[in-house]
Structure formats: C-alpha cells, structure tokens
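Order of writing sets the labels: A, B and C. Residues in every chain begin at 1.
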Amino acid sequence: MTKRLADALFGSVYYLFLASFIGFSAIPVVVAIVLSFDARSFIGPFPPTAFSLQWYEKFLADDYYYQGLATSLLVSAIATVASTVLGALAALGLDRAGFRGRKVLQAILLSPLVVPNVVLGFGILMFASRLGIIDGMPRLIMGHVLITFPYVMRTTAASLVGIRSSYYEAALSLGARPWKALLQITLPLARTGIVAGAIFAFVTSFDDVGISLFLSDAFTFTLPVAILAQMRANLDLTIAALSVIFILATILIIVLLDRLAGLDAAVGRGVYGR
Amino acid sequence: MKRPGLTASMLWPALIVILPLLFGPLLVLLHESLKPHIAGRVGGDATSALTLENYALLAGPEYAQYFLDTFRIGLISTVLALMLGYPMAHFIVRRASPIMRRILIASLIGTLFLSLIVRIYAISMTFGSLGPLAGFSRLLGIAPTSPSVAELMVVLGLLNTTMPLVALTLIGTIQNINPRLEDAALSLGAPHWKTFVQITLAMSVPGILSAGIIGYAFCISNLVVPMLVGRGFVLFVSNLIYFRFSEVANFPSGAALSIVMMVISLGIFYGLLHLVRTQWQEAGK
Amino acid sequence: MAVLDLQHIRKSFGSFTAVDDVTFEVNKGEIVALLGPSGCGKTTTLRMIAGFERPDSGRIFIGGADMELRPPYERNVGLVFQDYALFPHMTVAENIAFGMKNRGTPKNEIAPRTLEVLQQVQLPGVENRRPHALSGGQQQRVALARALVTRPDIMLLDEPLSNLDAKLRLQLRREIRTILASFECTSIIVTHDQEEAMGLADRIVLMNRGRIEQIDTPARLYQSPKTLFAADFIGHANWIHGTLSKAAGDAGIVATPVGDVRVTMRQGSPEQGPVTLCIRPERLAITDGTVEPATRMQAIAESVDIVGADVRLWSRLKDGTLVQSLDKNIGRAMPQPGSEVMLGFGPDDCVVLPASDAA
C-alpha cells in the first residue's frame, strides 16, 4: 500500500514538472500573441480590454525594421551557403581522415559553438579593423560564417556515422572513382544531415545578437539588433506584433525542417548533445 | 582505399576560411589585452611595452562579483533546467504517443528557433509588473520591488532556452537505455518511483552531466538575457565585455575579460565533458 | 589458366598479423571458398583482392596483370558485400546501371542488360523498386546481379548467405551456384560456414590464424584432412591419441589406451611417433556381430540423440573418452543408456594426424 502511495506521489511530481516545463515555455508566447492585438495605446494590465491591429500597422510602417530585415536576410543567406559548403566538405574530409590530429582538429573547428559569442564578436571587430575592414557587411558575414559553420559540420558528421562504409566501397568496386563515389553515393546519403545543418545555420545566423551587436554599424544592422535598439528606446507593443510574425516564421521553418530532414536529425547526437 | 589527396582537398577550404576567422580574432584579442589602457582612448597604447595590468585589475573584488553572479545564476538555471527537462525527455521517449512525440519535439526545436529577443520580450511581458503572472515572484516569497526580481527574471529567461536544449540532449540519453531493464526492475518488485530513480535516472547520470555542461556553457556566455531583464541589477561577464566596447571604450580591459571568459568556457566545456566521458566510459557510450 | 594468382601475401594491422604468407590460384570458371573461423584472415584476403587493402608484401595477379598499384575502381572485380550495400537512394535498376555507367558500357545497352540480368537472377519486374522494399533473399540476388552485369573477371562474395534465415539459405545456395555457373564466372566465396563452402565451392581454401591450412576439394577436405584443425573444423570427429609404429606394407599400428588400432598409411601422413586418430562419427559403427571390423572398442552407452534423419549415440570408452557414432534413423533399436556396446571401424575409416596440442 505504501508502494502505491509513493508511486502516486511520484506521478504527481513528474506531471507537475512536465506542466511547469510547458507552462514556462508556452504561456509567454500566448501572452505575446494576445498583447499584439491590444487596442490600448500604452502597456496596461493583462488582459487587454479591446483588440485592434494598430501595432501591426505601426510595425509595418516602420522602415527601420525593413532595413534590418534586408540586412539579416542577406547576411544569413550568404553565411548559410558558405557554411554549408565548408561544413559539409570538412565533415566528409574528417570522416575519411586517418591522421592523428583528427580529433583535435574537429574540436577546434567546433569550438565557435563553445566560445562565448561576445568574445568572438569583439575579437572579429578588432581583427577586421586591423585588416582594414571597417564596413558592417563584410564584418557581419565573417562573424556569421564562423558561428554557423560548426552546426553544418556537426549534423553532417552525425549523419555520416550512420552510413556504412560498404556503400562507398561498393561504388569503388563498381568502377566509380573516389570523388564520384562521394558525390553520387555518400553525399546523397548524408543529405538529411546537411539540410538540417543548413537550416540550423540559417536560424542561428538570423537570431544572433551577441556577434551582430559588435559588427553592425549605423547603416548596416541586422533585425535583432534593430529590435534590441527599439526595445531599449521605448518598450511598446510593436515588438509583440513582430513576435507573432517571428512565431509564424518559426513554425514555417520547423515544418520545412521536418519535411526536408526529419525532426530527429536535431535530437540526441544531431545538433545538440556532444 | 583512402586517398589522402582527396581527403585533404575536402578539408582545405574549411581550414583556410575558418582557422583564420577563429584564431585571427583570438590573437588580436590576446595582443590587445596586453596593451596598457590610456583613459579617453578607445584602443590600447601601441607604443608602450606590453603589460599584464589589465588582467591584474580583473582580480579586484568589484569584478569578482560579476564572475560570481554569472556562475551562480548560470548554475541555478542549469539545475532547474535539468530538473524540468529530464521528465520532459523521459515523457517523450517512454510515454508519449508517436504523434505527441512529434509535436513535443517540434515544439522544443521551435522554442530554440524562435528569436531569443522575442522570447525574452514575451517573458518580461508575462512575468513583469503588469503581466498575468506578475504574482509568480510573490509565490516564491520575493517582494516585487526587490532586486531579486531581476535575478528571477534572468533565471526564467535562461531557463527558457536551457530547458529545451537540455531536453533534446537527454532524449538521446534515455533512448539508449534498454526499456527491458525498467520492466525487469518492476517485475522484481520495485515500485515505479524506485525504478525511475534507481534504474532510469541512475543510468542517465553521464547524459545528465553532459547535458548540464552544455546548458551551463550556454548560460554563462549569455548577453541578451541580463541585458533585457537584468534591470542593471544582474550583469554577466558578457555584459561587462559589451560595456567595455560600447560605453566605456576600454578595449584592452574588454579584451582581457574576453580572454578570461573564453578560457573559462573552453575549460568548463572540454575539461568537464572529457572528465564525464572518461569517468563513465561504459554508460556514456 | 589461372584467373587469380596470389603469391606470398602478407598483411598485418599493427602487431596483429591478419594474413601470413597466403599463396593460391583460382582457375577460370572455378568457384573457390575461403573458409575459416572469424579472424582467420579470409575477409582481409578478399579485401586485398578487391583492392581495399594493400598487402604488406606479396603479389596479386588478376588475368595475368599485377594489381599492385591498382585502386579498386580499376580492377574488374565484382563484389557482393555481406550487407549487400545496395544504394538505398537508388532504384534496383539504378543500382544495376551504376557499374555499367562507370565501366563505360554504351548507353543504349544499359537498359536491356539491366532487364536481362534481372531475368537471369529470376527477379523480373523489380527494377523500379527501392532496395528496402525487397526481401533479404531478393536483395541478395540484386546484389549478385549488380556485380555480375559488368562481366567481371572474378566475383568476390563476402559471407553471401549470413544475413538470411536457415531455410532460405539452403535454397539460395543452390541458386547462387546455378547463377554463377550460368555466367561461367570465376568466383571466390568467403564464409565461416563449412556447409556453405562445401555446397558452393569446387575447391576450398581452409584458413586459420592468417595461414592456409589446406587447399582441397570439399570431399577430400572432409575425408582426408591434413591437420587436426582441418579435421576439427570440418564436420564432427572422434579423437583417439596414440603412438604409431609401422607394420607390413602400407599398414600401421597405433597403440592407444583402448587397444591397438590398425590403420592404413597414406601419403603425407606421419610414419611413426605420437599421433591423433580422427574417426568420423558415421564411420564408427555399433557392431552387431555379423561383420568383424578391424578394430573393436568396448564402451558404455550414455545417451541417444535423434537428429532428424540420423541417430547419434554418445558412449564412453574405457579410458573415459566420450565418442559419438552416427547411424541412419531407420527404426533400429538403440542401446539403452548404461548398457555395454561394441564399437568398431576399419583401417580406412580413420585418418592419422600428427599429434598436436592444438585440437
């Protein structure tokens, strides 16, 4: 009987923790969505008394955000393409490499994930200025390639682990040259890892604040930097409207990730873990 | 048959691009951190001899507080994230239906993908003085006007990212535990809670530690959360570095802080992770 | 003419010698099995022939050409992998066409030859399916077709039946034999399963610890093993230790703890000294008094196993050695456990092997 009582208690704690997890994650999102339709012109007590689309209109009329969005899309697109090519190639190379420093090299190439972004941002700012690069755009691209590269390398490496070496060997025994075997057999089989890595790279780049704060300038700034500036200037509900757009975009990207690579590519040893 | 030439030609592009982008800035930071600072100048004095003065200044008590705050609040957030994240990962692996599993995993990844600024904004709107959950701090016995509220908000903000991060990592760990072992424990007369603690949780220890280290590394390097909800009461080392750049314009000191922070982060991540893996070789596989 | 010629091949990985001085030839149209326990070097030998590993020393000739510096894709070798290695992202037809495209088969021949080879392996109509939609046996045949379609000089099959269940294995064994024969394809089959080797191969290369123990036809390998390892690895055997001395002509006498045994001396077998006698269970008969075998041994029956078509009798000799004898299961009364039996065999029923502590 005490066993059952203990189990009931255990079950309640288990589900209380689950509920807390979901509550802490979901409630703020719901609150932001509701607030974005607030008809009041100031931030008042929750819930809103009347609803309108005024914050959406205000946000859509603001050029400042468009400028940030354009920069963000350009920087993220370039960084994603560069990281995907470099990261996938590096993962393939490391997978085949037999030399001794392989593990060390891998750890070095993945280290931008661990070094605080602020450190990388500050460092790249000074590095670029010593190289004579003072424009925002090239600096941003440098920083974003550095922080997105490890994601592609890691997901590609994870998907290569599941590919039996006999596929590659079979291709060779059927007369394919090594580069052709890689291109026609190994690369297509690693596709999900590469695609998942590319999506993670894009999202990471698009959301980045730590690096972009240092590398943006008065004319070239990313969307998160623009939002941050707005939030610190005057906290109104335009940001809530913007949040809803972000939430919709995120849902779209998750669907895309699921369709193109499968959600499992991100679980366990995929992007997180190790 | 491995062809070294082909392997190398795949590695070179990354080495040529990434290594300079990584080591260039770090070397410049290191150099800058050794230059003496002259008040009123942005960069360090290039003409004087190199000095360790910038590092010596960091040893003072006023800096220690920032480091301690960073590590303490990061630790609180990570422990809470593990406490809440483990049941979530366990639920996804062991109890959720296939559809539920997909929805939950999609939500976890979605939470991480949603812009951090947006999430922090939403949290400040929810738990802030006018938000629907403004009473949460009182529930924990914190007066709404006390500086501890800022700390609570920072913890909640970090938790929002660390929880899904930890949960996604732990899914892999729990998946690798043979469910028959739990069945065996139950059939040997252990109640559910005991099975959970003595079998599942015990076998997850290396995974939990790894996930904790990853979560902790994320927490202590954070800039945005304290910046937005710390209200000036809570500042992390990252914020300090940013201040050196944006407000004080003391680059040598900022560079020294950066180097220290990087060494600590790398040490915690690779050092502790290595320790965990060698210590729990069997189960950690 | 030898299609494949291996001369003094050696290969080690670190301090482990995987293949040690292996020399053998394979003639045109012949099917040769590389047989041995796991870790005996058979797979490494196969990978060296295919070109995935390079021998530390020794030479490999295929069709008379030295393979020393040739990468796998420049050797005309057909390889069937243990896990089949069918490319999962390609259809059956694309899998089969892959080799032809890389080996320069004219474009207009590829499609008809794909269909033709699928006919030949008795799998018509699967060309547009993906490998994972096929059963294990079907995947095996597609793997065969993919390797055969480029008409390789030599086919290499790595444990071709190990991923299949027992019944299917028996059926596919016959089919593989028929298919290989219809292509008149010189083949090497790597296997650890003696039945598979016996059923498929014209000749067997028996390997142990990186070395060749014996090269022979399946029948001779079973009947006249040259080493204790060969006798032990192939089939079942009873062992009796003793000392050999020469008698008149080709006869010999082995003094054993259970009495003297008359044996026939064969070429290559020891002439005198300590020996081990190997008697196959089916050669060790229960004598009922109607025939008088050259050697008779008293024993106590211990147990009787009915194994389908056969009956196996376990009995203990006077010196404590446990022996087995095999009889057809045709309804004859078997001795009760505990009762005394008389076992007998002739001079040609046992093989004299040099004594060694290996077996």
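Throughout what follows, a contact is a pair of C-beta atoms (placed from the backbone, for glycine too) under 8 Å apart; a residue touches a chain by one contact, two chains touch by 3 or more.
Keep in mind it's a predicted model, so treat the numbers as computed, not measured.
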Result of counting contacting C-beta pairs for A-B and A-C, higher pair: A-B
Relative to chain B, chain with the most remote C-alpha centre: C
Cα-centroid distance, chain B relative to chain C, in whole angstrom: 59
Centre-to-centre distance between chain C and chain A (centres being mean Cα positions), rounded to whole Å: 56
Chain A and chain B, separation of their C-alpha mean positions in angstrom: 15
Residue numbers of chain B (touch at least two other chains): 1, 3
Per-residue multi-chain contacts in chain A, two or more chains: 172, 178
Where chain C touches two or more other chains at once, by residue number: 51-52, 71-72
Complex contact set, residues of chain C against chain A: 50-52, 71-75, 77-79, 81-83, 85-89, 98-99, 102-103, 146-147, 150
Chain B to chain A touching residues, read off their complex: 1-3, 6-11, 13-15, 17-19, 21-22, 24-26, 28-29, 32, 83-85, 87-88, 91, 102, 105-107, 109-111, 113-119, 121-123, 125-127, 130-133, 156, 159-160, 163-165, 167-169, 171-173, 175, 191-194, 196, 210-211, 214, 217, 220-221, 223-224, 227-228, 238, 241-242, 245-246, 251, 254-255, 258-259, 261-262, 265-266, 269-270
Residues of chain A that touch chain C when the two form their complex: 164, 166-167, 169-178, 180-181, 184-185, 188-189
Contact set on chain A toward chain B in their complex: 3-4, 6-7, 9-11, 14, 17-18, 20-21, 24-25, 27-29, 31-32, 35, 43-47, 82, 85-87, 89-90, 92-94, 96-98, 105, 107-109, 111-112, 114-120, 122-127, 130-131, 142, 145-146, 149, 153, 172, 178-179, 182, 203, 206-207, 209-210, 213-214, 224, 227-228, 231, 239-240, 242-243, 246-247, 250-251, 253-254, 257-258, 263-264, 266-269, 272-274
